[in-house]
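Labels run A, B, C and D following the written order; every chain starts at residue 1.
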Amino acid sequence: MELLNKIFIKLGQLDRRFIFILIGLSVLIPLLRPDWINIPIKTTSNSRIVFEELNSLKSGDKVLLSFEYGASTKPEIHPMSVAVLQHLFSKGIKVYTVPLWPEGLMMAKFAIEEVVSSNLFKVKEHIDYVSLPYKAGGEIIIRGIATDLRSIFTQDINNTLLSEIPMMNGVNNISDFDFVFDLSAGVPGNAEWVQFACDEYNIPLSSGCTSIMVTDAIPYVESGQIRGILAGMPGAAEYEQIVFEYLNKNRNNKYLNEKVSILPGKATSRMSAQSIAHLLMVVFIIFGNISYYLTRRDK
Amino acid sequence: MVEIIGVWCAVLLTLSIFSYLYGDNPFYKAAEHIFVGVSAGYIFTITFWDTIWPNLFGRLFPTIVQAGFDFDASYIFPLILGVFMLFRLSKKYDWLSRISIAYIVGMMAGLKFYVFLNSNLLTQIKSSAINLSGSYLSIINEFIVLVGVISGLVYFFFSKEHTGAVGKVSRIGVYFLMIKFGASFGFAVMGRISLLIGRFEELIEYSSFKYYYSTPAILVLMIIVLTYWSIKNTNINENN
Amino acid sequence: MKRQLAYFLVIFIGFLTLSGHFINYSPLNNFIDNDATQWFDIISGFAAFLGVVNLLQLHLNKISQKKDNWRYSIITLLGFLIMIFFGFIYNGSSVALGPHLKKEGSAFYWMFQNIYLPLGATMFALLAFFVASASYRAFKIRNFEATLLLISGVFLMIGRVPIGQLIPWWMSLEIYICLLFALIANRFKDKKKMLTLLTLSLLIFPILIFSLNLHDLALFKIPNLQEWIMDVPATAGSRAIMIGIALGTIAQSYRIITGREKSILGD
Amino acid sequence: MTQYIKYVLIPFLTLLFYFFFPFPLFLEGNETTFVCVIILCFIVEYFIEKAKNGDKIYMRPIAAIKAMEEAVGRATEMGKPVLYVPGISSLDQIDTISGLTILGHVAGMTAEYDAGLQVPVCVPIVMETAKETCKEAYLKKGRSDLYRNDMVHYVTDDQFAYAAGVNGIMLREKPAAVFFQGKFYAESLILAETGNSIGAIQIAGTGSSSQIPFFVTACDYTLIGEEFYAASAYLSGSPEMLGSIKGQDYVKVGCIIMIVFVFISSALNGYGIINFDVSSLFRINIIR
């Protein structure tokens, strides 16, 4: 018993570099050997709400997809972008992407490229999707899209005039969209979409965001200003899962290429690393508390 | 070739930053200083080309700078205010910059007054309305939220002593705040681990033959240098 | 006199911006919707130049006076100058200066992609390690508040990942019992009595719950409990903070636009 | 009597004018907001006037604010500098402005104690404002000889590069007191953890609710949310400012009453006892 006590107290005074190594390994090993751990994913209600909201849209509806993340938060948000794009394209919905962060431009491009190059969907640029360029200004741009989109954007990213793009016909302000989906990692992000556009013009808004932003956004979700939310990497994995099942169920949908196989997304495979790291942290916390209890008792 | 050099640079810098976990060392110091310099240059360039050039000159000289704007004479004012800002560099006229700062401070205060009143205060008060169509459990939950919000607000009373009833209610408020902070903390753990996963995935990708095993090569090199450096350092310390 | 001018401007612009949300005069509405913040961006753009001057001064000083770590200042200056060179003078890509910043193939983009991005992303990822050591230190059962912090943090951590779904009902029950005892541990004078009570409840409660057929309750599934924590008490806390922040911001703005907050422009 | 005219009649007349002015001088749709603005302003004004007339105002002590002077004092004793971090946002966040007003008071303390002050800044325009603030604070204490132009210096605009730079300052100059007052994002954890590891007294204050937990766990004192905005008024101690805080408290009571009112009337409406949709009272969006 004495020995055990001593061990625990020693554990409490561990050099923090030791914790660093263990955390590093707990992430690295599942990434190198993904087949060692395989845990099924269950969906939470907020992710399901997002899916149902998007699923209730009809073919030909217009969705504005706003990109507010960059390379550093790519692992969390990018899988959501891909899954959402897959879902929208599989329903024949028209997608308009707009980046509000400078790096968002690249992210939007990568996401579209990834989905289009899989050849799973019968989509064409300027007919099924259009990418708007980045403009500096954050919430000013959101306001601008809300009131007069064409005063801000005159061309798309390939310098094609908006007036020459068929799917831009009749799209002049936020009221011409049926849904706004926001992928955000900070400011401007979903709070700005609520404050400066969607609340005022009553356009349904959903969001996928980094896990740190969730507790700030949750009051908006509870009050219905944001409809459902995809929370961080787990949210991304859940949405991937739902879309994967949905695509398999609607295999002979007219918007899908029958010959191309459907691949599961990236976030799902990352979840095992995430799980192990969390478990390790909880173990740390438990040990920390035991040693804290013992040292306090000794005093 | 340029791509390979790029990958090796990226890996070297990534590992240099990670070396901070061992302690402050020359690799980290160098990476930190590169980061400060490069980012300052990057942001300055971006600010000029993305803001000043299109938004100011694009409106004042639309024929020369084509940014899709028409001529707008009112943009003389920000130009003047901006130039006033530059008078900071002169000893005699540096009071002019106060005018620019006064504009910004006043404008932002007026704007935030309205936005926060509308979106964060009134909308949140509005959404404390309850929906009775749900189950009994959800009504109980709504009630808990109400209690939490009110007690949380009581905690923020400044001109009232936190004793007696006010003290008790504010205690409850603190409990709700703590649960919120715990949740934020949990979410933060989740998010940060995700980012680490992203970094590691990239490092793993760069360890392949295609990039001439850049990650393991640099890692081994760095460990050798760091070991040498820390041995040398302890020697110096002992001699002192 | 000069000072009064600045205060007058703060008050004038402040009230102008506020009233622009109510008065039906489209140039004014347009100004506060678009131009006011654009102007701010432009003025800060000019200020960026001052930042550069300050940066150069600081590091040149360090180098010329050979302060500690002055050699590293050379690296900072080099990094800065290279970025400026690639941003304004050397292009390297097919498009004009300006759009070249975001064009693959330009030297500026190369620097962005291979120097700036990995540095930023790694600094960000470093947080994973810090958050681990912070939670190791922070999540201690010190008092009731700290315990609440711990409970909601830990349940969120395990409830949000797939592994949380694998936790069976009896395990969550045991966790609850342990937590309950951790909370009331101080009330017990006799440690032995507490330990026996703890062991007994750890043994009896699972059997009791199972025989009453209550083990299917949502309470015993950590993901559900986590969702409840997030949706109910955490929402209440967030909302209280949000309203508090809104009130604080409004009062602070009011003090500014009535010219009472003086320490910012000097009294 | 004049009080009634000032704080009852004038707002009443303003509202009358607003609602019954025959021409479309005002925008439609945000009437509730306008009423709130008027009520709010006059409540705060009323308490400011009361405070100016010599009414005593009780202010609950806030540990973090009291600790500020102690922290500066300790740094002076140890002969080490004070580090003040005003957040990473520009002046478009009220948090930054609040952070700068607090800087004014902290700079006053360092001037009095003759302690070293270092303010690394993330945004150039904030740097210029902070310089102005510090200079004025030193001037006001009659110690403008102690003010140096390089006290406030620019690091870089990028979030994490700034964090790395400030991290470096902390590791190599080992300040004895660290203030984090302003708008913070993810970098808060790096900064607070490093400050903790060098053993400095840390006092944080922020309105970024997702970063408060890290400050609470790693710093000695933290100003949470609304406390942070009120700190400058506390520090100034002038009756005008304290009166505005008192007014703010009464507005808060008003908010609580409104929340309860909305809750109850929506419940009554749901049970069919009254037939009144409370959300129709909230006309807060401009109709265009």
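The rule is simple: a contact is a pair of C-beta atoms (placed from the backbone, for glycine too) under 8 Å apart; a residue touches a chain by one contact, two chains touch by 3 or more.
Computed from a prediction, not measured in an experiment: that's the story for all the values here.
Common neighbours of chain A and chain D, by the contact definition above: B, C.
Across the assembly, the chain pair joined by the most C-beta contact pairs is B-C.
Distance from the chain A centre to the chain C centre is 18 Å, each centre being the mean of its Cα atoms. Work out the mean CA point of chain A and of chain B, and you get 19 Å between them. Rounded to whole angstrom, the centroid-to-centroid distance between chain B and chain C, based on C-alpha atoms, equals 7 Å.
Annotation for chain A: residues 20, 23-24, 27, 72-73, 102, 136-137, 147, 199, 211-212, 214-216, 219, 222, 231-232, 234, 274, 277-278, 281 touch two or more other chains.
Looking at chain C, residues 18, 21, 37-38, 40-41, 43-44, 47-52, 55, 69, 116-117, 119-121, 123-133, 135, 137-138, 149-150, 154, 157, 160-161, 230-231, 234-235, 238-239, 241-245, 247, 249-250, 252-254, 256, 264-265 sit in touch with two or more other chains. Residue positions 21, 29, 31-33, 35-40, 42-44, 46, 50-51, 55, 85, 88, 98, 101, 104-105, 108-109, 112-114, 117-118, 121, 123-126, 145-146, 149-150, 153, 156, 177, 180-185, 187-190, 193, 195-196, 198 of chain B each touch two or more of the other chains. If you sketch which chains touch which, every chain touches every other chain without exception. Taken together, the chain D residues at the contact with chain C in this complex read 24-28, 30, 33-34, 37, 40-41, 44, 48, 90-92, 94, 97-98, 100-101, 103-105, 123-125, 127-129, 132-133, 135-137, 139-140, 150, 153-161, 163-164, 172, 186, 189-190, 193, 207, 209, 212-214, 217-218, 224-230, 232-233, 236, 240-241, 244-245, 247-248, 251-252, 255, 286. Within the complex formed with chain C, the chain A residues making contact are 16, 19-20, 23-24, 27, 39-42, 44-45, 71-73, 102, 105-106, 134, 136-137, 139-140, 143-144, 147, 211, 214-216, 218-219, 222, 231-232, 234, 237, 271-272, 274-279, 281-282, 284-285, 288-289, 292-293. Interface of chain B with chain D (complex): residues 24, 29, 31-33, 35-40, 42-44, 85, 88, 97-98, 101, 104-105, 108-109, 112-114, 117-118, 121-123, 125-126, 128-133, 146, 149-150, 153-154, 156-162, 177, 180-182, 184-185, 187-188. Against chain A, in their complex, chain B makes its touches with residues 21-22, 46, 50-51, 55, 68, 115, 118-119, 123-124, 126-127, 145, 180, 183-184, 187-191, 193-198, 200-201, 204.
Residue ranges of chain C in contact with chain B, taken from their complex: 2-3, 5-7, 9-18, 20-21, 32, 35-53, 55, 69, 72-73, 75-84, 86-88, 97-98, 101, 108, 110-132, 135, 138, 144-146, 148-157, 160-161, 228-247, 249-250, 252-254, 256-257, 264-265.
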